[in-house]
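Shared chain: subunit A. Partners: subunit B in the first complex, subunit C in the second.
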Partner chain A sequence: MADAAVLPAPIAKKVPGRFWIVPPAALLALLFFYPLVLIVQQAFMDDSGMANVGEFVRVLHARFFLNALINTITISVAATAGCLIVGLVLGLILAFVPFPGSGVIARLIDTFIALPTFLVTLAFTFLYGSAGMLNAGLMEAFSLQAPPVNFLYSTWGVVLAEVTVYSPFVLRPLLAAFSLVDRGQIEAASVLGARPFRIVRQVILPAAVPALIAGGSLCLLLTVNEFGIVLFIGAKGVITLPLLIYSKAIQESAYQVACIIAVINIALSLGLFGLYRFAAGRLGA
Partner chain B sequence: MLVWSRPGRIVLWLVFALLFSVLFLAPLAVILLSSLADQWNGVLPSGLTTEHYSDVVQGAAWKAVKASLVTGFLAGAVALVSGTWAALALRIQDATLARVLGVLFFIPSAVPSVSVGLGLLVAFSHPPLLLNGTIAIVMAAHFVLISAFTFGNVSAGLARLSPDFEQVASSLGARPAYRLRHVTLPLLAPYLVAAFGLSFALSMGELGATVMVYPPGWVTLPVSIFSLTDRGDVFAGAALTMVLVAVTLILLLGLERVTGRQARS
Partner chain C sequence: MSVPAFTGSNVMDVDAAKIRGAGSNVHFDKVSVAYGAHVVLHPLTLDIAPGEILAMIGPSGSGKTTALRAVAGFVRPASGRIRIGATDVTDLPPYERGLGMVVQNYALFPHMRVEDNVAFGLRAQGADKALIGERVKDSLATVGMSGFAKRYPRELSGGQQQRVAIARALAVRPRVLLLDEPLSALDAQIRRNMVEEIAKLHRDLPGLTILYVTHDQTEALTLADKIAIMRDGRVSSHGPTAELYRRPPNRFTAEFLGRANLLPVTVTEGATGPKGFAKAKLGDALLAGAARGEKPGDKTLLCIRPQHLSLTGDEEHTNRIVGTLKEVHWQGELTHLVLDVDGTPVRVSATRLPVSLPERGSVVPLFFAPGDTSLVPEDARG
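Then we have the complex of A and B:
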């Protein structure tokens, strides 16, 4: 492939076997970077193959795109804030006020990382959906005609599902950071009469800031790209960028529009990826 | 211990129990319950049945389990070979280049899965590389999405290996190929198993790229769960989700036992 030739290194003679990197790099170039280049190319070209930014500008100003962009950013920021709060509360208790079995619980939460994200949405429809347990219970108890709890099919349903799915990604680095906090320092502070809240603020939190930044930026990235949760909730009003790409390409066969939205979504993700790498790099230092 | 007073601790534990049950325990429990539910019109199902499981096993579900397992194993194996290869090859590049290439190998994890699927559709729908409509395009999508995680896991393992063993092997005259086979790879084995387990789990739950590229005869578990629930057949969807969770967890636990045994021996 022509594109594979871009990756291999400038040649230097001193180390033998430098070219061993070529096969895996070429495979990734063919299956990932080459399609990526084609997406960008399609976004800026019309059917006759001429460069044309007219369509790009049109999509950028379109209502459906702006709505999806605003939804994506709102959901991502709200879910990340939720993940940070939930992760911090769970992490503080697991690390500093442990109870019998807290180790097992921590591992159980960790396995959530391996489960498919749409599982939580599916569970939420049984719990909080219009015919779910909560609504059925409330309607029975208060003899209501209509289901009183409707948040699931709004932005907040997606946010709650994403908090569940992604707070383990904050908890994991946080517990690692907490394990390095000097227990003697905490005991000394509390013997000297510092209240728990003050110890958390002045001793524990400063040590956890890099982990919070790394976990938080990872959450931003993952929630911007989340697809399964939004697809499974299937609410008309909650369309995000990945869902828009899917519906434009598969349901409407509007490939150019899909590519334009994909370019913007990818640019947003790569920016957040840069932020995460920067934060994780500082965490390692 | 941060909080010394007993009432204070109990309040915190109650907060933890509430958060944990609402966020993590309730979703899992309710999926399990609904997969066994007979009829569900009130707060709790009116009866329990294993009907959904037998329906699912007799229906198209068995094909979906097979499609997901084959995809997960093949894409995971290719990602493992390519990721290990890349991580090992990067060690003999000079530092700047290794850093740049390292970032390039990580980038697929940052790109939304739907866009990965879209790119494959755009790139491979015309000859000479016509993959659209074949199983290969599903494999390619899964490979791309998990490759960064395998690469990352193996690189992290390599960074943690003590260089002493390899240096001793070299100074005793072991050639690079011999050293790789008999020293580096065995030391790396636990990380390779962990990397494969993670990529397999990711592949089993992958939806965004698969839903873009899958051909009619190769419907993976997540895609068939989606089409079941989309049709309103939520109980069968829940049963199939339990099958997915069970298969993933059994494989992960199995791999963990393998690594555990290696670590002890």
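Then we have the complex of A and C:
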């Protein structure tokens, strides 16, 4: 007992874990939160450093802002709808139509995610631009004086480019969801008399809803903030929020207006990101 | 909520006559299936009569599921034709074949309630609302699941889900019901109950033709009118269940369908007497067994099931062999003994044993009746 009494009490090991939060938190604050705070501060203060909500309200009612907001929403909603349709059709084919090389095609489509967005726009310019292959061919074939295909320099040109770039973002989670669909359910439905369209509608799609929401909200998020494609196409009159921020800040040096629009853009993005995380959580991503 | 068994009384309550008489025959006419150069089902010719349960059993890769999937329309035969009733279905898509199918993992639609699962096939076939309501009610009552119509599959146990899968298949009044290892995902106790309940179901729906694929011989023996034993993509044997069990035509059938002791014997005398028993020698022992046209001098196998061997003889158990007792395994209802008889391990399953069991290593006589034996040709291919 005496020996036991003199034994030193076990020393609790120090847990250093809690201090590791400091470096990343500091880095995040320096590179992300501080600039963000500056933007918000700039949005609500005038040049004399006084709080001023009046300018914020004025921008909210300005024609240029409303046009940009409508353009942004129109393009992102149309592009997201396009991505959902293209992604869904491609996903169904790749997952459920057995053909040799489907895996290679899926991986090839995946590589689009790795490419810079302007690359597709550049390719579109070569294909569908005023001096592109399509117009040149049509002008030569029909002896036309002006290029007949002009959609690229419109809202729809931007939408098409965004659909091309962002469809893989829908396709990837859809393929993951389709791989989890029990083939036995499809076979049982088929034996019970269901034709392929009914099986897609009533058996496959309900299982893919979280993937569609996750992919769709990610597309919406990315297309709302898309800058490169819109700038590269340079469509006349197609000004979106990111492009408006760029033009106000860089071309007109109207920093407060740029910051006000940026704050609204950030709020929009965070809302969509919340939707994406919720859907991704449902999917188990 | 407790689940009533889907008994005859359930069926009678819901007018089972509506389901009866729906069965068609299935005819495989030289049906083969190949994946590239690999033949998984060699030309198969087989008939399933209307209202019959045919169990296809065999080890993994024997071609039994492939044959079922060919009937369902998921596998395209490389050659041959499949007829269901008078219809050649070989080129028809699955949704035009008029079948019902139940698979191992139930394959219920997880986002639909039980009633919607059962109604799925009827809706797909464009049935009117009143008929759908009536059929859903009937089918759920048939499998004793009426109280679960509003539940989702995830709220049911495995056995309950399988009942719903059966109800869903029955609701469309299939010409043939395809059961692909339907009980494999269930635990032993529930599986035993479900086998009995499927047997009852078929007694109440005698017109229903069933193709039952399983690797479980007990399910096959309990349920099937006929059994086809598959091996390496071919039918190794086919016939009435009891006949195949009692008189297996080859070693593979004898060993696959129930446990069998196969003793190498030499025939000394062909079939004689009113019962047609042949005589054969095993070492010094002269044994009588049910013959299959063997001639004196033929080397063959004497098949005797473990439960037909006894440690005590009587006027019926006239065949006698001796062996050295090697193992004794007590399993409650049964005691399994393993003996060495001339170098061949012989298993005995006994419900009753002498009060004093012989010691391991002691020489023990075994008795069996000639009528419980069968001579089986020694055939490496089975």
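Simple rule for what comes next: the second predicted complex is superposed on the first by the 267 of 285 C-alpha atoms of A that agree within 3 Å, B and C clash if a C-alpha of one lies under 4 Å from a C-alpha of the other, contacts with A are read in each partner's own complex, and residues count from 1 in each chain.
In the analysis below, contacts are C-beta pairs under 8 Å (C-beta built on N, C-alpha and C of every residue); 3 or more make two chains touch, one makes a residue touch a chain.
Not measured: the values here are computed from a predicted model.
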Between subunit B and subunit C, positioned on subunit A by superposition, is the outcome a clash or a fit? fit
Touching partner for A:Ser190 - first (subunit B), second (subunit C), both, neither: both
On the A-aligned overlay, A:Tyr246 touches which partner chain: subunit B = first, subunit C = second, or both, or neither? first
Per the contact definition in the header, classify A:Met45: touching subunit B only (first), subunit C only (second), both, or neither. neither
Touching A:Arg198, do we find subunit B (first), subunit C (second), both, or neither? second
Subunit C versus subunit B, contacts on subunit A by residue: B
One more residue to check, A:Ala81. First (subunit B), second (subunit C), both or neither? neither
Touching A:Ala62 in the superposition: subunit B (first), subunit C (second), both, neither? neither
Once chain A of both complexes is superposed, is A:Val181 in touch with subunit B (first), subunit C (second), both, or neither? neither
Which value, in Å, gives the least CA distance between subunit B and subunit C in the superposed three-chain arrangement? 7
Using the superposition on A, tell me which residues of subunit A are in contact with subunit B and, in the other complex, with subunit C. 187, 190
So in the complex, the part of subunit B that touches subunit A is made up of which residues? 1-4, 8-9, 12-13, 15-16, 19-20, 23-24, 26-28, 30-31, 33-34, 40-44, 82-83, 85-86, 88-90, 92-94, 97, 101, 103-116, 118-124, 140, 143-144, 147, 176, 198, 201-202, 204-205, 207-208, 211-212, 222, 225-226, 229-230, 234, 237-238, 241, 244-245, 248-249, 252
Subunit A-touching residues of subunit C, taken from the complex the two chains share: 72-74, 93-101, 103-111, 120-121, 124-125, 165, 168-169, 172, 178
Per the contact definition, I'd like the list of subunit A residues that touch subunit B in the complex. 7, 9, 12, 15-18, 20-21, 23-25, 27-28, 31-36, 38-39, 42, 86, 89-90, 92-94, 96-97, 99, 105, 108-109, 111-112, 114-120, 122-127, 131, 133, 136-137, 140, 163-164, 167, 186-187, 190, 196, 199-200, 204, 221, 224-225, 227-228, 231-232, 234, 241-243, 245-246, 249-250, 255, 258-259, 262, 265-266, 269-270, 272-273, 276-277
Within the complex, which stretch of subunit A touches subunit C? 182, 184-185, 187-195, 198, 202-203, 206-207
